[in-house]
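Here chain A shows up in two complexes: once beside chain B, once beside chain C.
Entry: the complex of A and B
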């Protein structure tokens, strides 16, 4: 950015092509922003259209703010339950991912112990596998232990997806909190635990929350394992997938819109962390 | 970090124990189980499930479609993400806002993305309505005709590019942030234009991020499932969809596991290929 400004000041003769270049850049950005937003907008138009408008021809590009499609969706048999299930599975996934990932991340950040690299490798390895496929053998195991078609069973599979992220995110989060702060607390009479609780935890809390939200979204959006593992206790994604052939258009579009709302809200909440999260998680 | 009192050693193992046990129980064990399921019958080792899989007429198309989709989608995503990342890093105002918008699809599931594009492409959908409004067509066209495999393929490509370019973008933007500005500035001082700087400075220095993005996106591309289910139903078979229907509709876990092995194998093969193809050659030369 700075280089651009200085060269422009030094070479006024080149200012003209720069300006047209900037115009080109602005229009490219505008086109790409539209490419992302317009399809979402159109789904929202459908979701806020009346049941009749959704199947009408030709379609209006302006939403009519009619809630009948959404009401139809909300009252459709199985939807409220599926919505609740999605929330429960995602919530549980979030709790388990953080509960398992935070201690492991702390250990990786603070101690160099034999086996640390092996553990890190094992965590990274999970990333190179199509994890939802692991739901296949787990159906058999879950039937044996009574976890088939349960919220917990599915949350366990989703935790396999989300926990490796949580470990890596936590490791770098704790690494970014100076160890000296902890040591100072010890010299002032804190135990390791109380130093962690009073010094490290408050500093780490926003990052932990962001990692938790991340885990929530991973679970909320997951389709394959959810569809394979649940029958009666379907999540929203499993429900929508399995009713694709039979569901009327308003149900599909309202369902799609409901599916993206929490994800967008959460993403907005963690936008500050997004790049550090992904930068870390993909190193 | 370098001190290692025995108490700390114990503490670190206590801390990683729950996560390790969890990974063992829900990653390694099921992984071994998939392999066992796929390769064993009532009389021990067998390739019968793979034969059943390969004899099904849908296997060939499913494999071809999955590989074909990955082959088309991933390069488009990498290119588009490079364009987006270059634009964003050069923006002087509104950088964060634009980045946020570009990354929105990151939070959208493949199922929702499929539904979003279904709203555009279905017979009474928005694309037809817009084309009709512009006087380009006389009535609703069936864009997702089940007999037109090429059109279904194209629809899935568009939806996948729309949905999953964001993850590549995030990896590349994070990677670009690690490249020292001085290199680019030095090249500019020596008279290199923006394109030359991009291809000779940015792109080579971005290699580790590109490698990560390629591996991650290719593996995810082989998992393509819900987008296809929404836009093409059963008319564009893909590996993950076949796995699902053998497992859920046909209730044959063995053949489903065989499909899983195929997906695992091609994922692993491509991971190894990208690790090799994009390895750090400078270090090799030094050694």
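Entry: the complex of A and C
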């Protein structure tokens, strides 16, 4: 605000449009921030509120800190199991996305091979198929090969969903590491593999971790495939969806909070790489 | 220590012929500079020797061994890249010791050799730093140290000084020359800077459009350019060229008769270096256009029978724009070329005293 005042004093003629532009920008930002933060606020307030306070309105401005809702949630039948399943599926998705996405990204970044652009396009096109369309054939196929209602089966589907992002993030990551560094390593005694291990990998590691965490969040939040493909081994999202209309209100809020917390933490941790993925310099 | 033999090496990139059947030998311990304009194929040739690029045709022999199918790490080479390629996630010490660590040299020996080359390049105080904490000149020293530390049979350098500012480049050039002279490593050094080439090279290989047009010691390349291109490319200002008419045994150039033109069927082209002319009673006469004082000398640009002609004269001579100047070549300094092919027709074997070029 002080800087605004000084610029006004220095350039009164230009201050007016600049000021209104800033006002517009500020209100747009405020609306967007509120759009995201208000639901999160309500969710957290209710999750940490006592069971009785959940349905109270208006909310007291100072949120209470009461773990009874969360305790209730944690003890609700099926929740711990679903939470564990979510972790397992998301963890597996992360590992497979890195394991498959890193070599694919490296190939896209370093080798000129026929069909490279087609491959790039195909990677993106997998996102163009609506999952509901694939769900039925997938379910049939999974039942046939015995992957239905398994952690690994669901993780495979989630890996498919996460893969385009994983591949493209890692391709741009490897592209940003100068080829000369690798070549220097080759001339100094490295094979392709050891140069990758000693030079490329250490430099790419933070970005690879970001891509992996991104895959984790995609899996953690995914509900459709999880609901369709699992019955006994439901993840938390599928479990909450299933019990939405039969479960008490505190359970919904506590579940919602538990669902978004890892996603928020992870996205916060990797925001730098998401920016760079979208071509926004952040240095 | 090893010699290098490049035989008939050609390289195509798609439709583009980057190298045409290049031949070059580098003796054990020799320092050869590849000199040429940007895009002439210098980097491509160096990368083929390093094994970073595969030749479309031809053979490279290092130390008597065919290396065409060997990866870079099995060729006994070390390379200094144009952008230094210092590993950003390692300290200077680990960078310099990287090649030795890959060879499983014991830690104490690595320590000793890293300190020795660091001392040689005056970077002992930087050993604990990371690349991000170094200036361009320091990074360049680290890159050279890293290459020297493995004591390679062959050292390859691709424009190692071109990213430094002018003053630093001059300083590093002299220092590099000292360091490399001491190590006596067989070296191929790529540059587009002719002064750098002259100052460093035992032998200069001039590249033009994917060919080596001349490979000879600096003074010979300067005084006996093998083609018109070399004469025009090397020297600042470059060699002057004038069309010549055959007349009996000799040839007439801009109205003046030279009696000793070479006896060849070809149409002739007359060539002379700007500093190889002196004012005379008769000879090549032209109108002075511009006079530029250059400290000890003056650069005079003249119009000679409709051609641009440059002369470097002593400063004590009074020359004014507009007046007519008559010049005669110093003895033995006229060069004749085939006007069509551009190939030199003057003997290149005669010994030539080095002048202060």
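Just so it is clear, the second predicted complex is superposed on the first by the 236 of 283 C-alpha atoms of A that agree within 3 Å, B and C clash if a C-alpha of one lies under 4 Å from a C-alpha of the other, contacts with A are read in each partner's own complex, and residues count from 1 in each chain.
In the analysis below, contacts are C-beta pairs under 8 Å (C-beta built on N, C-alpha and C of every residue); 3 or more make two chains touch, one makes a residue touch a chain.
Keep in mind it's a predicted model, so treat the numbers as computed, not measured.
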Between chain B and chain C, whom does A:39 touch in the aligned arrangement: first, second, both, or neither?
first
Between chain C and chain B, which one touches more residues of chain A when both complexes sit on the common chain A?
B
Which of chain B and chain C A:266 touches, first, second, both or neither:
first
Quick one: classify A:204 as touching chain B (first), chain C (second), both or neither.
neither
Name the contact category of A:162: first (chain B only), second (chain C only), both, or neither.
neither
Tell me which partner A:189 touches in the superposition: chain B (first), chain C (second), both or neither.
second
In the superposed arrangement, does A:256 touch chain B (first), chain C (second), both or neither?
first
Show which residues of chain A both chain B and chain C reach, each in its own complex.
none
Over in the complex, which chain A residues touch chain B? Could you list them?
1, 3-4, 7, 25, 28-29, 32-33, 35-37, 39-40, 42-43, 45-46, 55-59, 61, 99-101, 103-104, 106-108, 110-116, 119, 122-123, 126-134, 136-141, 156-157, 159-160, 163, 167, 179, 192, 217, 220-224, 227-228, 237, 240-241, 244-245, 249, 252-253, 255-256, 259-260, 263-264, 266-268, 271, 274-275, 278-279, 282-283
Using the touch definition up top, name the residues of chain A that touch chain C in the complex.
178, 180-181, 183-191, 194, 199, 202-203
Touching residues of chain B toward chain A in the complex: what are they?
1-2, 4, 8-9, 11-16, 18-20, 22-23, 26-27, 30-31, 33-34, 37, 83-84, 87-88, 90-92, 96, 98-112, 115-120, 122, 124-126, 128-130, 132-133, 140, 162, 167, 170-171, 173-175, 177, 181, 184-185, 188, 209, 212-213, 215-216, 219, 222-223, 225-226, 229-230, 233, 240, 243-244, 247-248, 253, 256-257, 260, 263-264, 267-268, 271
Tell me, which parts of chain C touch chain A in their complex?
50-52, 71-73, 77-79, 81, 83, 85, 87-89, 98-99, 102-103, 146, 150
